[in-house]
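Heads up: the structure comes next, in structure tokens.
Letters A, B and C mark the chains in the order given here, with residues in each chain numbered from 1 onward.
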Amino acid sequence: MEHLFTDTAYMLTSWMVGLGIKPVWADLILLVVQWAIIIAIVTVNVIILIWLERKVSGFIQERLGPNRLGPFGAFQTIADAMKLLTKEDIIPSRADRWIFMSAPLLFIVVAVMLYAVLPLGKDMAVVDLNVGLFYFISLGSLSTICLLMAGWGSNNKWSLLGAMRSVAQMISYEIPLAFSLLGVVMIAGSLNLGEIVNAQNRYWFILLQPVAFLVYFIAATAELNRGPFDMPEAEQELTAGVYTEYTGMRWALFFLAEYTNLVAVSALAATLFFGGGQGHWLPSWIWIIIKTYLIMLVFMWMKWTFPRIRMDHLMAFSWKVLIPVSLANILVTGLGIEFFRGMGW
Amino acid sequence: MKMFGKGLLKGLGITLKHGVEKPRTIQYPEQRPFLHQRFRGCLEFDYRNCIVCGMCIKACPNRVLSFETAPIEGSKKKRLLSYTIDLQYCLFCNLCVEACPTHTLFFVHNFELSTDRREQIKRVYTPPAGVQVPVAAAGAELIPPEALEPEVDAAAEAKRRKQIEAIKTALSKGGQKVLAKYVDTEEDAAILAELLQADEKKRDKVAALIVDDKEKARKAAQALVAKEKSRPAGGETQ
Amino acid sequence: MIETQTYTINIGPQHPSTHGGLHVEAIMDGEVVKDAIVHVGYVHRSVEKIAESRTYAQFVPYASRLDYLASHLPTLGYVQAVEKLAGITVPERAEYIRIILAELSRIASHMIFVGSLAIDLGATTGLVYCFRDRERIMDMFEMSSGQRLIASYMRIGGVAADLPEEFYPAVESFLNDLPGMIAEYHGLLSGNEILQQRCKGVGILPAEDSVAYGVTGPNLRASGVDYDLRRDEPYGIYSRFDFKVPVGQNGDSWDRFMVRIEEMEQSGRIIKQALKDMPSGEILAKVPRILKPAKGREVYHRIESAKGELGFHLVSDGSDRPYRLHIRAPSFINLMVLPLICKGGTLQDVITNIATLDPVLGESDR
């Protein structure tokens, strides 16, 4: 079980080589297959997640959530997706057409690209990049541009306000996010996500870096535009923020990308702080699914409990609290490493 | 800095507590909501109690109610022809029900009032023809519903009249075949047919009996034939 | 020198957080509100004109549609105004029933306030919990009057029907659970640091301004003006009850929130006392079927509704219909301070301010 996917990949490659295909080409074909699997995982995951979110919100609010279509309402999301697919695609006449149309596409592409370096199990990253974490953070900040494009292209004041908010918020929260991960990198001594997982053989980094985890968690919520930091959308203030003018499948793409991001960020948290695929009895890829889902449940729980924070407080919180705390965390981590090294560990 | 402290965790605790609780909602079309006795759903009208006093129409703030009446000859009283409740304008304020002296108007618990078309919201109540609607002056005593005549189906009554008419015409033109079912021999049928052709009163009676009660019609027919036979045949000629 | 341009953004009339058809034209500089212009009238139903073509008794259901979140309060104000006009004495028991239902309405209205504030600030779950608790009040209204939201239960000279048997245990268990409900709101909402930050110091309405604008009700008391008609000009039998009038200090959104939460507790106290003292007897005075107050009589009656001072000015011309009815709608007057308290704040503060002013557009637009 543990090596189910890696063995399959190996068999596939050797079979193709056996057919007389050059190893380079075989690797390339394998890569395409891996990407197809990733996209399938993303879509299925989002369908499950939307259902889960609605169930969680229902339970918290003493309701049942969707329960009509399929067992426990499991097919509700599929029905909603069908509905969105058949809806009219409206492009405002004054919108900047190309920017308006390409924003959701770029958003989803960026979101899917994050999965390239995530180890979805032991040795199961699509690309085993030696600067994986760096890649992840830098791609994560790309989504800001997509939201700005959406807000600017819509030619709507609500959208523009939402876009401006998202730019301010995401840029501010990039910094504590990156700093909080530095502590982990310092202890693991690598930017490769697989090696960071291996470094957690003795202790999970949540024990060594609790402050970093807290900062990461808060900053990630802001990066994901989830409640209580859902500024760009801010349904009660900006009607729908950057998504105001989007209809049908374009709107659904944003939704898809947001949940894709949620999975990626949670999976990264599981990888960096909870030992990735490490665990007994079960294969590593099941462990990472369990950990990711537990973290996502916490994200949902927070969203359905807290009110939205105000924009200026949000900025102040990032610059005045999170960044100093994460910097201090780096300092303490560095001192700790030197101290333990001096002790001869 | 106190921010992100106890309050947030407490809030999370509350939502978690309710998250594991049983839901409070009911699954509506399958589970019916519990309605209290005074719940006001749909406004209904019972023509059997109506005394045509018009108090409800005067009480209504929004002109929901209206009726058509006809005067009764030789009396100041009126007869109800039809009563209309235009429910789309109803405020469900209960003022008409309170004004009504005979509990003719009342609210029922049915709250599913949606209709496909606007015209269907309007409810028109017409007392069936041929039924004596209690006509009394305002303030008269309420007649309990069970004391009233049972409801007669107007359509069935019309059908009966038609059948009787048809049999009567048949009998006036002979109608031995019709009568053959009710007497023993062809001869008797001929005698009866002749008799009924001559006597219009007897003809009507037999026709009504044939439609209403076949057994009684047979007995009456045989009695008539026996009576005719017992009369001395030459009596007339003598 | 870089100059920024102001722009106008229309909050409403179709907007998730404007509590109905309210339209606020905000003149913005970035996220900062430079000025706000309130446009009302989207829900205008010409209620005052309707009153002129209805008999005195027939207007009761329209009165309950004024403030549909606390429908017993406007009907109470209206029937008391008519009773004053025609000189009708209400039976004791009816007075007590009226107080109980009016205070229950006030609690229901404040629960909506808490819930709508929560959802306007983004805490959807708060709304659901408040509606869950309010449902119990609606249930009691259904028991007593047959209708849940717009219960036309008050009648000129009393109430439509006596309280049913099942009402008493329901109200008692509700009052027992009320402190628990309020504790939950405190735990989920007012104890939450994010909500505190969004409310404290936001939309400050100074006492002088609130008096100058004619603001009444909890909004006025939050500004530190100790003024409650139930205590200062008791109508009905309010003088018999012992209750506190909660007063705020700063006049910000937080105080407006807290004052209402405390008012819920005080209303609970009044209901408890009323239930204890309630006599038995008649519930409806002998009122002529066609009520014709004397010609030329004129009366202004005001009550403390959930939103503020709700006044009814009735003029009689001797017929069975009022010559003129004017309604002093507290929501309308309270809304007029919105530009004042929004200036200098952010767009998010506008939402908070609308929520904490607690307008009901049905009453404001009439």
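Everything that follows uses one rule, which is that a residue touches a chain if its C-beta (ideal position, glycine included) is under 8 Å from a C-beta of that chain, and two chains touch if they have at least 3 such contacts.
Everything numeric in this text was worked out from a predicted model, so none of it was measured.
Peer 1: Give the chains in contact with both subunit A and subunit B, ordered by label.
Peer 2: C
Peer 1: Relative to subunit B, which chain's C-alpha centre is the most remote?
Peer 2: A
Peer 1: Averaging the CA atoms per chain, pick out the one whose centre lands closest to the mean of every protein CA shown.
Peer 2: C
Peer 1: How many angstrom between the C-alpha centroids of subunit B and subunit A?
Peer 2: Taking the mean C-alpha position of each chain, the two centres sit 68 Å apart.
Peer 1: Which integer distance in Å separates the CA centroid of subunit B from that of subunit C?
Peer 2: A distance of 48 Å separates the two centres.
Peer 1: If you average the CA atoms of subunit A and of subunit C, how far apart do the two points sit, in angstrom?
Peer 2: Spacing between the chain centres: roughly 45 Å.
Peer 1: At which residue positions does subunit C touch at least two other chains?
Peer 2: 125, 129, 132, 188-189, 192, 194, 197, in rising order.
Peer 1: By residue number and range, which residues of subunit A touch two or more other chains?
Peer 2: In subunit A, 60-63, 304-306 touch at least two other chains.
Peer 1: Going by the touch rule set out above, which residues of subunit B reach two or more other chains?
Peer 2: Each of 3-4, 8, 11, 14-15, 18, 24 in subunit B touches at least two other chains.
Peer 1: Where on subunit A does subunit B make contact in their complex?
Peer 2: Against subunit B, the touching part of subunit A is residues 56, 58-64, 67, 218, 301-302, 304-306, 317, 321.
Peer 1: Can you name the residues of subunit C that touch subunit B in the complex?
Peer 2: Where subunit C meets subunit B, its residues are 54, 57-62, 65, 125, 129, 132, 139, 142-147, 150, 152, 160-161, 164, 166, 184, 187-189, 191-194, 196-197.
Peer 1: Quick check: in the complex, which residue numbers of subunit B touch subunit C?
Peer 2: It is residues 2-8, 10-11, 13-15, 18, 24, 35-40, 59-61, 91-95, 98, 107 of subunit B that touch subunit C.
Peer 1: Where on subunit B does subunit A make contact in their complex?
Peer 2: Contact set of subunit B toward subunit A: 1, 3-4, 8, 11-12, 14-16, 18-25, 27.
Peer 1: Spell out the part of subunit C that touches subunit A in their complex, as residue ranges.
Peer 2: 7, 9, 15-17, 30-31, 118-126, 128-129, 132, 188-189, 192, 194-195, 197-198, 346-349, 351
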